[in-house]
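We just call them A, B, C and D in the order they show up, numbering each chain from 1.
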Amino acid sequence: MKKIINDPATVVADSLAGLAAAHPDLVRVEYDPDVVVRADSPARGVSIISGGGSGHEPLHVGFVGPGMLHGAVPGAVFTSPTPDAVQAAISATTGDAGALLVVKNYTGDVLNFETAAELASAEGLDVRTVVIDDDVAVADSTFTAGRRGVGGTVLLEKIVGAAAERGDDLDAVEAVARRVVENVRSIGVALTAPTVPHVGEPSFELGDDEVEFGIGIHGEPGRERRPVEPASELVGRMVAAVADDLPLESGDEVLLFTNSMGGTPLLETYLAHGIGERALADRGVTVVRRLVGPYITSLEMQGISLTILRMDEEMTELWDAPVRTPALRWGL
Amino acid sequence: MKKIINDPATVVADSLAGLAAAHPDLVRVEYDPDVVVRADSPARGVSIISGGGSGHEPLHVGFVGPGMLHGAVPGAVFTSPTPDAVQAAISATTGDAGALLVVKNYTGDVLNFETAAELASAEGLDVRTVVIDDDVAVADSTFTAGRRGVGGTVLLEKIVGAAAERGDDLDAVEAVARRVVENVRSIGVALTAPTVPHVGEPSFELGDDEVEFGIGIHGEPGRERRPVEPASELVGRMVAAVADDLPLESGDEVLLFTNSMGGTPLLETYLAHGIGERALADRGVTVVRRLVGPYITSLEMQGISLTILRMDEEMTELWDAPVRTPALRWGL
Amino acid sequence: MGRSGQDTGSALGAVMGCTANDVAAALRAAADTMAEHRGELTDLDRPIGDADHGENLNRGFTALAGALSEAVPDTPGAVLKLAATTLISKVGGAAGPLYGTAFLRAATAVGQAEELTEATVKAALRAGLDGVVARGKAEVGDATMVDALAPAVEAAEAVDDGGVAAVLAAAADAAERGAESTTPLVARKGRASYLGERSVGHLDPGARSTALLLRTFAEVER
Amino acid sequence: MGRSGQDTGSALGAVMGCTANDVAAALRAAADTMAEHRGELTDLDRPIGDADHGENLNRGFTALAGALSEAVPDTPGAVLKLAATTLISKVGGAAGPLYGTAFLRAATAVGQAEELTEATVKAALRAGLDGVVARGKAEVGDATMVDALAPAVEAAEAVDDGGVAAVLAAAADAAERGAESTTPLVARKGRASYLGERSVGHLDPGARSTALLLRTFAEVER
């Protein structure tokens, strides 16, 4: 394992120190428990908090700032943070208007965030959770842990962040959050495996001519292992998986988010995006907004994910609203 | 070689198609010769144009837009574009105020851009070139090809773009460009090699416990091959190489740009940035601005580069000015 | 949980209740068990999870032993509550909140009593199970720690007037059988559930750690 | 560049000038040479450059042959100018503008003349060299194409009244020796210069392609 780190045990804290140094105008970092909060003191509307294991940067710590998250709770690499860290983020940011916790659907994340929410509620705060489970690679069922939360998380955080920023109350923020969750789906594909620092070995083996179709963001297995194919076929297959699941219909308006899993360069990510746009056009679907780049990654894993969000007028307005965070910024 | 592409021969055009689809509000792409220009029709001040081989994205095509580049000329991967492509960008964007071509110091780039500049001058346009050669890894001498242009290019393009945007004339834009070139230095380090699509093999071999110190952005050799070391030592060594070359003195104010070469995740890039900030503080140098992320890459190569620009008041003002491009955006 | 300071022997333990010190001793023993079985639990979590269950529990119980070495709270309920909060804040992952909730509910169930009796131990076990199920929504057969804990609670409740020692011994036996039963199952909760059919043939790490915990409590109470 | 349409033989070629068609024929032959030596030139560029010199030149000369097959311009100067613009727009890298400039300056040197003579061929070669040096600022000994072209121009100018064929033959011989001379040198220009001492022991690809070009021109004029 070659990485630019000092010690696997301190990698998250060391990286947060760099984040804090790089963006003193946007974020403030507290350590042990590790929490990233806005550097400004926003008016006390609804607070939007998210978090989860580290290793998916810029998610979530890079999305703290006006128009998006009020607080982010980074766990160890690929490990959910504990409730006390979530509670620290709640205490640091939440007032009478309450807080919405954006939680990716992994048992550990769900349980730790719910525990924190309960403890906060016990202290009289109105804290609710929305669980995002947009990964179509995993069979869904109420009898299982359900689908994983992946790329849709980025779009959800932007949109609810904008709703909170414009002053919506917690009911309204929660309602738009649920609408996003209902209308967003994703699929990922991996060309290589990530290496968790404290493990030191790649998380899985993949042949020189294979891709893992339906990969999760921690290198969890997907639908199937397939031979490498030209980008047009691979991306076409990804669009079909997502569009069929939503399902998308001719005339729908969507946001297309083409995400690099970390190790895939922008050259290829844009290339994939172009194919995705054409595949959607072929289905009569109109892409009205787009996001392209490494926004929810899996360390240095090579691969991409596609996320499609069916848009309505309000979501579009909230997407366009100004945002000012380390990783996503416009209008400010 | 596993990549998300259709055909090595069409990878640049295919990727540009995705860029155009992703940012219809910001850029317009012309093909054959391939040129990326601003989607708006800016008032005809000085035009800022850059370009070079592809594979370094977002450089240069991701920096087209208000406040930065008017045109970018992407060559084949790691191959300088030909003068007719540069000429096309000049014709598409340049009026009476003239144009400044930002050229990285590689013989091929310099010759092809200078040829285009001469041809444009012959047609009565005032077209000048500024050559950026900030890589301290290569020994400088007027008897050699000189230092390579690397990370400083990003900062140069932002700053001259802002000067052009506020209406500076070509003399003034050129003057600030030369001031940036004089005050900026960089060093890179690689953990892995990039794979050029039409070559299909990694550009060099590196042991499991080795880094290439002083790497170029095409995987050219650097100063030395060294054993892997903790990030604090590696980054300390990088800061020293740049700071000693400038040379930096206690009391200097600088912009610190910590760049991922593509395959290194943000977690590590921020970690390195934090170390860089502390190393500069130890030298009594004040970091007044910073940029962290993958901005000048070498395909999927893992590694980072550090760029330090000694700032003055005008450069700081130009750095802070609004910019709205696919890859760099604030204030708009 | 036996031998409360004085050397009362197991027979006495069966009729006498457990003090706060007894509960603390049992939890320290659990910390030793988790340290000893750390590698085994992590290895069980490797093929069907993310190879951290042993690390997670060892981190949490080590922290708990540390906290108990500073001061042992006054009542058994308070000791259980300390276990809950420590595990919740140190274990992380899925197991942290699940075990944490179990201890929290157990603490509530035993209230302010100075000693635990056969009845309160049964109530504590039942409350712990209810907490895990409320939180994790797993049923028996989903291949989780519930497959060890649910039969343990039933076996404990079936013990009639045997004292704390007999209750815990019955629970430990049933938990071990329950853990074994997860091997042929398709996991339907937690990380292993993403594997679908590929989770068959693996013992669930959380079920195994539950069995280890209950066996340790029973041994201390022997 | 002899045999202007009629089969005049080499003796005549030595005294008669070259027409536009002769120059075009020489450039078509050069395209064949580059296609044939593409792999060799790219291999020379691999250890000390970026392994594309043969690809670059082959792409450019193939395009030039294509352009000439559509229409041959009127004068030798116009043919040379077409070569210049085609190479500039198709070769890329360092070699494209360098060879392009050489042909552009050569075109200017021969002016509007209907035929090239011994004197104008010498002048064209000198102008080409000056163009390469003006553009690339390399001196003899820097391990570039200048190490082949500079001695070629001197050898050509030393030919006294031998006709175009003799001039080109002398240039080709000198260019080949000049190319060989780059092997022991430390490169000081182009991509190879980043290697410093590590560039020693490698024949410069651009010097080799210059020698190949001049040999082809001399052969056509034989």
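The definition used in the following text is that a residue touches a chain if its C-beta (ideal position, glycine included) is under 8 Å from a C-beta of that chain, and two chains touch if they have at least 3 such contacts.
None of the values given here were measured: they were computed from a predicted structure.
Of all chains, the one whose CA centroid is most distant from that of chain B is C. Inter-chain centre distance (chain B to chain D, centres taken as mean C-alpha positions): 34 Å. The mean-CA centres of chain A and chain D are about 58 angstrom from one another, to the nearest whole unit.
Rounded to a whole number, the gap between the C-alpha centres of chain C and chain D is 84 angstrom.
Mean C-alpha position of chain A lies 29 Å from that of chain B.
Contacts between chains trace an open chain of neighbours here, each touching only the next in line. Chains touching one another, given as pairs, are A-B, A-C, B-D. On chain A, the positions that touch chain C within their shared complex are 75-76, 78-84, 106-108, 111-112, 114-115, 138-139, 143-145, 148, 199, 216, 218, 220-221.
Here chain C touches chain A in the complex through residues 50-52, 88-94, 96-98, 100-101, 135-136, 142, 188-191, 193-196, 198, going by the rule given at the top.
Residue ranges on chain A touching chain B, taken from their complex, read 2-7, 11-12, 14-23, 54-55, 57-58, 62, 77, 191-192, 208-209, 211, 228, 230-232, 234-235, 258, 262-275, 277-278, 287, 290, 292, 294, 297, 299-300, 302, 304, 324, 326, 329-332.
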